[in-house]
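Take a look at the structure set out below.
Chains: A, B, C and D, in written order; residue numbering restarts at 1 for each.
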Amino acid sequence: MTSTEPELPLLRIGGLTKRFGGFTALDNVSVDIRAGERFGLIGPNGSGKTTLINCISGAFRTEPGTVLFRGEDITPLPAHMRTRRGIARSFQIPRPFKSMTVVENLMVALDFATVAGGFVPAAHRRDTVMAILAQTGLTSKADLPTTGLSQVELRKMELARAMATHPKLLISDEAMAGLSSSEVDEVLDLLIKLAGEGITIIMIEHIMQAVMRFSQRVMCLDAGRIIALGAPDEVMANQRVQEAYLGT
Amino acid sequence: MNRNSIAFWIGAGLFLVVVALLPQLIRNEYPFFAAYVILQFIVLSVAWSILGGYAGYVNFGTSAFFGVGVYTAVFLFKATGAPLAVQLAAAAAVGALLGFAVGLLTLRMQGIFFSIATIALTIVIETSVTNWRFVGGAAGIQMQRPAVMAPFDGYVQMLVFVQALLVVLAIVIARYMQSSWIGRGLQALKDDELAAECTGVPTLRLKVLACVISGALMCAAGAPAAMYLQYADPSSAFNLNYSVSVLAMSLIGGTAHWAGPVIGAILLGTTQQLLTVTISSEVNLLVLGIMLVVFVVAAPEGLIGLIRKASRKRAEREA
Amino acid sequence: MKRRTFLGGTIAAAVVGRTSGVVAEQPPIKIGMSMAQTGGLAGGGKASQLGIEIWRDDVNAKGGLLGRKVELIVYDDKSSASETPAIYSKLLDVDKVDLLFAPYATVPTAPLMPLVKQRGLLLMGNFSFQVNSKVGHDMWFNNAPWGPADSWAAAFLDLGQKAGGKTMALLAADQEFAQNLAVTAKAVAKKLNMSVVFDQAYPPNTVEFSGILRALNAAKPDIVYVASYPPDSAGILRAVNEIGVGDNVKIFGGGMVGLQFAAVMENLGSLLNGVVNYNTWLPEPNMYFDGTKAFFDAYTPRAKEAKVDPLGYYLAPFGYASGQLVEQAIKAVGSLDQKAIAKYLHGNEHKTIVGPIAFSADGERKDTATLMAQFRGIKDKNVEQFRSPGKQVILFPERLKSGELITPFEAART
Amino acid sequence: MDLLLDAVVIGVLLGCFYAAVSLGLSVSFGLLDVPHVAHPAFLVMASYAVFFLNDRFDIDPLLAGLMITPLLFLFGLVAYRLYYETFEKRGSDAGVRGIAFFFGVAFIIEVLIILQFGVDQRSVTATYIGKAWRIGDMRIPLRLLVAFAVAAGLTILLSLYLSKTFMGRAIRAVAQDQEALRLMGANPVKIKQWAFGIATAVLGIAGALLIIVAPVDPILDRAYIGRTFCVVVMAGLGSMTGTLIAAIILGVVETIVLTLFGASWAPAISFAMLLGVLAIRPQGLFGRRS
């Protein structure tokens, strides 16, 4: 199941293992993600999806296993260094900077994440932020405090904040959980649009329709192991995947 | 430079000029003694807020930093007779180093653990100084001030000016940090440390930076105290009172803006000075207790929060 | 009622002085001081202040000084050194007091010494220990009976040596006053050719002394010199009672602060028996001078009302004596000229309710009048027993003596 | 060697006493995350109540401690309600302001004690105070043995309560996952309030021990802020047996340093140990969090 492409993958995860005390959350996970890919990550609750992206984004340290990003070993790097190299994420439960407005939330990303790409000159900062907000449909909320946002707006704000870090890889952690079907479509459209701009996206999702519509490849985790990886319909048809889902 | 900044710098300049001229206008020494204490608390509160307010890490060890400042000055004075400016600079350097060490050691922990670590640190440092015979140990040490330097005609007046300089320095730093990327990073990590980290904020480095700056300022604020009291003993220099008063001043003023701790320190510092010379009994402590409880319950964002709310309401009415 | 008692203690003084119009033509003579109302020194501070207040009332009843009423201005220094410079500056520059009394104890007094020296002011000290030794101010006078720095330790170790002691253990709190005592004790021991077999400084807030006392016992000293603070003094004596100190100990005590305060003495009761400790005034026959009895007759009811130490032997009469000293000096000089007052105080012996007082050049007593007294026949839970003579037998100094040392320590405990 | 054995024995007993005064905090701070810096002030207050009953009515201090337990429980319920209404309910930033709030409460308690009882230190009388138990050459103060027995009993009782009873398990659950509890139909606020009541009620006995072991004064609480938090953090939050063990470690180390090395270094050693634990094992020695 390993990829056979000659060029280097954007992200290469090799032999990743993560234990909490006696509990093994991830067990020897290896996968490559190609540049520009739309990658779906599924699995029942507690299967290790969020743990995996925590390991990719640097929130957790991993003992055995490596994470290679654009050919560089980023395993020892803390999260913010990974963000600066181009890995951005959203959170399962939105984590806005509560004391700030929407614009200020994005400013944080501009201030800190784009160090490698050079500072955005002061005069253009607001323009840059507003452009991202326009893209995510949050223009009218720009100067509101985040406490005043609805659930779907919070999700979009998180994606916008992630975008403001100018990522090459965007990880969306259940950005559609708890949204209405029309809102799910909104967010999904947004993610597809972002992918169209050349950003590689890993999407964790429970809503299968969304996964099927979005993903070029899907990986299914169960109890910390990869049980299926491939084209969406192949994975869905996989018996172990079905068992895993029905089993919970 | 916008209008706001110009007003700020003019204000700061005027403040220093007034402090420098005051000895010519007021011959009475008492206001200088009282002012010195209040200014000292302003520096401490502003410095505390850099870590405690902006980053949300509650330092219980204000007295540790203050005491280290005092004893750096005592040591230098006793060992080399170094002038005040050298004592100050050395205290700031030691404070920065201490802040760096404390930060690296403890800032990986969650907020409350950091607070507890700072309590422990205070006790460890106080005990060490108590056992350090060269600076007097537990028995304390008396010092004779050197002659006052021109253009000042009284030592206390000079110390007030020095402390006023520190106030301006502390505010300038706090103000810069608040409005710059550093402040935004600290605010982000205060709101949500993981989200901040994943937005590119080097949280540990920023916290350590805040701890270094805060520590340097606190130690600097403590350094002149040796010459102010002409006496130092560990139980006074490491008094819990500094930690609690500074915490109270910052919260009463509000920590979201640099002006908060300034207002809080002036308000509570003046109140304490007044109570000392009026009621002058255990009621003094009772007032501090009640003010703390009332403010954190009724004005969670401090006075600054109340002012902002009021002005927002006015703006809404006018709109 | 409650409110009045806690406010009353401190500001009533100022109010009374201002509102009484008996000698309205002349402004009052103002005496300023800080005194601990809160913090660790508060118990002593309040008792001391009451003594001074009784003197003020007495002198005003006699028509005041130089035909002027005496007024006290007292602020709380919270037992801390960092408060006193501002307070004394306020007293001098805003309240314009005519005379300064020092706060109770060494720490709050220490920062004032350079101030009064620079301004050339008289400071009537209040139980500080060797605070002037490095400053050398010639207008400083200590009301405490300490005398020369080493006399304290010398008195105790002398008693021990006469009882056959050759080795000494030193247990001192790691705090200001106790450490000063410890230093002089070591110097005296050297002079007396006594070997120090145990020397420990224990930290403030130590909870349990049984361990440390075992270590002390293991050194098998003949003399145990303890320099401790109130909370620890009780802990140490409890541990002594439980663990014992061994039969070879001839004499135990010396510099335990706290065993002079009624609440502590009442708590410890029979645990006190046998301990030889320093004191300043005790109800023994030789201790009554002109006015002493009248003073305690006035003190006892007022102390009860103000919730201050009911016995008040340790500090209160010396507060009164401070007043008597300046009273006599001002009367003799005929003015408030501080230089003249200081000169008079240095040049003469003064009669007070705590006995005659003469000062040496450094402002301390010429001869020590620090008492070394042994607790005897103390029962539990009874504060009134301490009012009768024989409960604390004075062993030193010779002229005030009321009995002989019972030794060894274990024999004296029963 | 004899001395070392002695120091260890005394240290263990002293440690048990430290455990007794820290158990309440282990519940309120360890399990409920309430930054209860007024815990030692509550403790001293309980000691003064015990003193009052002992002094006035000659009631045995331990019995007096038991007598005030229900009152303290109610006091705890009210205190938590107040805290909840002003902080937890509003959510944001409760940590910093909570600390300030409890400091304020602690000062108010200190002043109230001074006004009622004066600034002098107080102690109680009981048959087991001032006597020692002799084993061969060793003498152990009875009051420490009492503290030891009571503390051990208290720890066991509290552990049993938290693991065996429904309410106890609910308290442990609330510490881990409030949402899950809410889904189970239990009201986490009620449970936390109850738990805080328990944490305060325990102070009745703990306060009695405090004044049995040594005299108390109105500002004694300040000396115990460091000690109690040190024990609870070293234990790992919310572990009762961990609290007992950590307290014993603190007691033993403190006593050994006090007895055998430079006594004046004792506080530095114990708190340096805390710093070490925090730096190396932030979850404490027996921590529940990984």
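Methods note: a contact is a pair of C-beta atoms (placed from the backbone, for glycine too) under 8 Å apart; a residue touches a chain by one contact, two chains touch by 3 or more.
Keep in mind that this is a model prediction, so the values were computed, not measured.
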>> Starting from the defined contact criterion, work out which chains touch subunit A and subunit D both, please.
In response: B
>> Let me spell it out: compute each chain's centre from its C-alpha atoms, then which one is farthest from subunit A's centre?
In response: C
> Between subunit C and subunit D, what is the gap in Å from one C-alpha centre to the other?
Replying inline: 36
>> Taking the mean of the C-alpha atoms as each chain's centre, how many Å separate subunit A from subunit C?
In response: 74
> At what distance in angstrom does the C-alpha mean of subunit B lie from that of subunit A?
Replying inline: 42
> Which residues of subunit B are in contact with two or more other chains?
Replying inline: 127, 130-131, 138, 282-283, 285
> Can you list the residues of subunit D that touch 2 or more other chains?
Replying inline: 92, 114-115, 262, 264-265, 267
> Which parts of subunit A, given as residue numbers and ranges, touch two or more other chains?
Replying inline: 98
> Which bits of subunit B are touching subunit D when the two form their complex?
Replying inline: 52, 56, 58, 105-106, 108-113, 115-117, 119-121, 123-124, 126-128, 130-131, 138, 240, 244, 247-248, 251, 255, 282-283, 285-286, 288-293, 295-297, 300
> Okay, in this complex, where on subunit C does subunit B touch?
Replying inline: 6-7, 9-11, 37-38, 74-76, 78, 80-83, 85-87, 89-90, 92-94, 107, 110-111, 113-115, 131, 134-135, 173-176, 178-180, 183, 201, 203-204
> In their complex, what parts of subunit B are in touch with subunit A?
Replying inline: 181, 184-185, 187-188, 190-192, 194-204, 256
> Which positions of subunit C touch subunit D when the two form their complex?
Replying inline: 2, 6, 38-40, 42-43, 46, 174, 200-208, 210-212, 214-215, 218, 230-231, 234-235, 238-239, 241-244, 261-264, 267, 271, 307-309, 380-381
>> Looking at the complex, which residues from subunit A come into contact with subunit B?
In response: 57-59, 78-81, 83-84, 88-89, 91, 95-100, 104, 107-109, 111-115, 161-162, 165
